[in-house]
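Quick one: this structure, given as structure tokens, is what I'll be asking you about.
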Amino acid sequence: MTDEFPDVHKKVLRNSFKLNRVGIRNVRKPVTVNRPNKTVTLIPTIDIFVDLPSTLRGSHMSRNIEVVNEVLDNIVREPVASIEDLSEIIATRLLDRHEYATTAEVHMRADYFMDKQTFSGTPCLENYVLLAESRATRGEGVVKRIGVEAIGMTACPCAQETILKVHEDDGHDVPQEVPGVSHNQRNVATLVMDVPDGADVDADILIEILEGAFSAPTREVLKRKDEAAIIVHAHKNPKFVEDVVRDVLRTVLERFPELPDDVRITVQSESEESIHKHDAFAERRTTVGELKR
Amino acid sequence: MTDEFPDVHKKVLRNSFKLNRVGIRNVRKPVTVNRPNKTVTLIPTIDIFVDLPSTLRGSHMSRNIEVVNEVLDNIVREPVASIEDLSEIIATRLLDRHEYATTAEVHMRADYFMDKQTFSGTPCLENYVLLAESRATRGEGVVKRIGVEAIGMTACPCAQETILKVHEDDGHDVPQEVPGVSHNQRNVATLVMDVPDGADVDADILIEILEGAFSAPTREVLKRKDEAAIIVHAHKNPKFVEDVVRDVLRTVLERFPELPDDVRITVQSESEESIHKHDAFAERRTTVGELKR
Amino acid sequence: MTDEFPDVHKKVLRNSFKLNRVGIRNVRKPVTVNRPNKTVTLIPTIDIFVDLPSTLRGSHMSRNIEVVNEVLDNIVREPVASIEDLSEIIATRLLDRHEYATTAEVHMRADYFMDKQTFSGTPCLENYVLLAESRATRGEGVVKRIGVEAIGMTACPCAQETILKVHEDDGHDVPQEVPGVSHNQRNVATLVMDVPDGADVDADILIEILEGAFSAPTREVLKRKDEAAIIVHAHKNPKFVEDVVRDVLRTVLERFPELPDDVRITVQSESEESIHKHDAFAERRTTVGELKR
Amino acid sequence: MTDEFPDVHKKVLRNSFKLNRVGIRNVRKPVTVNRPNKTVTLIPTIDIFVDLPSTLRGSHMSRNIEVVNEVLDNIVREPVASIEDLSEIIATRLLDRHEYATTAEVHMRADYFMDKQTFSGTPCLENYVLLAESRATRGEGVVKRIGVEAIGMTACPCAQETILKVHEDDGHDVPQEVPGVSHNQRNVATLVMDVPDGADVDADILIEILEGAFSAPTREVLKRKDEAAIIVHAHKNPKFVEDVVRDVLRTVLERFPELPDDVRITVQSESEESIHKHDAFAERRTTVGELKR
């Protein structure tokens, strides 16, 4: 029946241009992921693209959602361990269904919650973001990427030293053990990297790496003692946005010593400066090979 | 010519419901406002509504933009001093043009810039938000409201005292003049109030009131000395979100002692807590009469 | 140990102002809700407030999260059927924990997915938004509100008639059964209403009411025939934003004939006009009693 | 005086990593630009970055704002014609001031208004977005980019043909001159391209190119006749997101036949589909040389 309709998409074009990405954005779907010790429901926002040759007028948009639905239906029988695995499966299937395409791309972004503790051991549930990207190329396989985003706290090392100097100049004697005041604020850090075949790169570890790179992590429940502990810790561990990015890079190399040289890594850190109305930002886009040099 | 078209809006309904607000949202227009010593170009986002009786199917939407354009064209000849004055003129004209309406509402929101200084006198240009609202009622005149939004810095008084206590318990002797560390962050404060006829309530003064209620204002250019001064000032002047709201209320009463009792005031303060992923918030909705009691 | 710390919040104030709302915003938490035939995981964004008397300097912010966590922990043993029930439980507990407060408010907003069908019966999963609000007043109980938000399609009745007239004037004879072109677009409709004690007001029904008030519902998967059916349906059923609001009001009265007169209802409809860069909007804020008059 | 403070940024690091971008984001500043026949006030949001060698701990963040302020102060004496020229000047000065940097980047985004007309000649003021990017490399000069974003209307060619076929199958005879119904919606199109030295690439022309590629442009004021004209025009000129991107590419080559082969061009088109809750998207990233092949 459908075949009887005129197929405007299939119209053959002459002297036209190919397109790099044609597809749909901002699809939302609940997804169940089987983690080692728990089953997690995520609600990712999904973007899906394939390329389009210069000779075809339109891409078959509805096939994109159909592929997502088929893959999600199948999860019930064959559970997946992560949204990056899911993005890889969807990207592969997209090439099957869009026979004219040579590349397929899937991007996902989802809120994620982890059980954490305060310094004194009070349990709390913290909010992070998971990112996933897969790019399938016909005849060449899939490049899969994993990413995480975390909110932490940074205290400025420069202002802290300046103010200590001011106190000294004023003749005030501050004990060594007492950290000096500084401006501190929310910092949003992001780490995105390729996952080579067979590599075991887990989002929970990446979040741990980001949290370890801040002046201090932030926690939802903080009674007096914990609040004091976090703030003192942050002021004994002041960080620029530059420091956060470099500490993440360093720890990735330490935690994943086996990563091949061609693994791409992007790390960003953005501080919502408490003393300014604008933000401070640092970024490195590189490969493991470049970092090791 | 237009009259020959069928007028679906004018269709008479039976047994239907009146509507409180029908109109257009997210209109953007550059507007020139004549301030005492300068001419300022603002680009407000404008929402415009009238009510609709139960007997009419549709409001004449295109008249809303026409009224805005007529009023803005006229500004060239008769300059206005503020966007709240502009909102009042537009609301009044809306009732003229929508003969079936009994109320008309105009809301405006625009970025605004003021020349400020750091503690040491370095000039800088700071970013604020202006708000304006007018509600015209047929036969009753217009109620006009002015509002401002400002970003500043708050340092937490509670964490500061806790940490001082911890240092004391640990036997560290901190000089009285040296402020203790605390968490600090961006705070967004908002003040919206009625402007009674003839009252002189200026946005620049309201912004000054908001900035005075933070632990410290924030500035775009901060060389070492100024950065230190702002941070030390904030830590000698720690504030909860509750304190910010109350200090704004107190200062409004002091600065505008003549305001009538029925003037409505709303003050909000929201802190992007540096130790949490969520925000802290305080609000008071009241009248001058209630505050004076 | 905690008790030994100075309690800055408890500081007694003189000549200060009470505050209407003090609390936290933008808390995110996964929540499991037991629906009649399924268990659903939602990730609401939660705002929590209590009021604060003029004599107290600060509210105990950390108690808010503690109450949420206790209530969510308890869900495992005593499942809840909806986020509005959850908001009611949280609001009630907040008054227990903030002994100085006279009111407590909880607002929740969460993405929600429902199994729907296209005209031809293809199953698809559609995205909506759930809203919930509860306000507890000491000694007076809780007022609970439920809300939903849905995206649909509106086609403009006025432009359609004008164009038909233009065709007629040009001597073109269009068959009665063939709907005329018009502009159509996404419309976001919202319905929020009180839930009186014992009333059975379910979010799924409210979503059905909203979807029935558009020119047509929108669906994620649309093969040719279904796409044609939805568009033809929308053009045979053209709607202004005003029509959407009124049809929702009418259907609420029909579907819930037993609602008491004091139930408050707010209905909004906003069209992202395809022929303009701004949006069209209609709203009614009323009570069941007013509507029935 | 400043020199006496400890300079934490200048701290020399060993075995650390270089960073690609360190700077500030979301700076807002009013800017006056001298267009051929008018002076325009824009309020761009500005991002500013330089790179940082592996041996330096921190970038001098405050120099970024200082450079912006110096350049803007100088505009009074030496007016600029566009924000892309402004971004070029700022990027060049950043390298002067950050003596350790090898690259500097400036991104700007600003609302922009142009006088346009409806089909019948009614004047109206339409809202667009200007984009500008400059990247200066020490010893190699600056690569400057210009961009524009416009909102228009697209009507779907595929649904239109399907529905015509349905009408035919049902035996309805629709006159050739009467366009068939389809879904239509807001489309946001973006064009960003390099501006080679000496080339005359004006934002107003680029906006004209985008507006010409939609099914129809959108206008703020539309009386009956103009509304009908725009909708009929759109339905006689139906476009996929793919068509919009290709028509922009084609027109850029026609309007700027002299552009060198290495000029990079990115064109995007995104439709807020009226029949779906998700968006449709198409993109080409290419060079003039590739397009001409």
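Every chain is named by a letter (A, B, C and D) in the order it is written, and numbering of its residues begins at 1.
Here is the rule we go by: a contact is a pair of C-beta atoms (placed from the backbone, for glycine too) under 8 Å apart; a residue touches a chain by one contact, two chains touch by 3 or more.
Because the structure is a prediction, the values reported are computed rather than measured.
Over half of the residue numbers at the interface between copies chain B and chain D are found on both sides, making the touching surfaces mostly the same. Chain centre most remote from that of chain A: B (centre = mean of CA atoms). With centres defined as mean CA coordinates, chain D is found 35 Å away from chain C. For the pair chain B and chain D, the distance between mean C-alpha positions equals 30 Å. Averaged Cα coordinates give chain B a centre that lies 26 Å from the centre of chain C. The set of chain C residues touching two or more other chains comprises 5, 27-28, 65, 127, 158, 162, 220, 222, 224-225, 276-278.
Viewed as a contact network, the protein chains are fully connected, with every chain touching every other.
For chain A in complex with chain B, the touching residues are 126-127, 151, 153, 158-159, 162-163, 166-167, 170, 172-175, 177-186, 216, 218-220, 222, 224-225, 227-228, 230-232, 235, 272-278.
Per the touch definition, chain D reaches chain A in the complex via residues 4-9, 16-28, 47, 49, 52, 57-59, 61, 65, 157-158, 161-162, 165, 240-243, 245-246, 249-250, 270, 276-286, 291.
Interface residues of chain A, counted against chain C in their complex, comprise 1-2, 5, 27-30, 41, 43, 62, 65-66, 69, 111, 113, 124-125, 127, 220-225.
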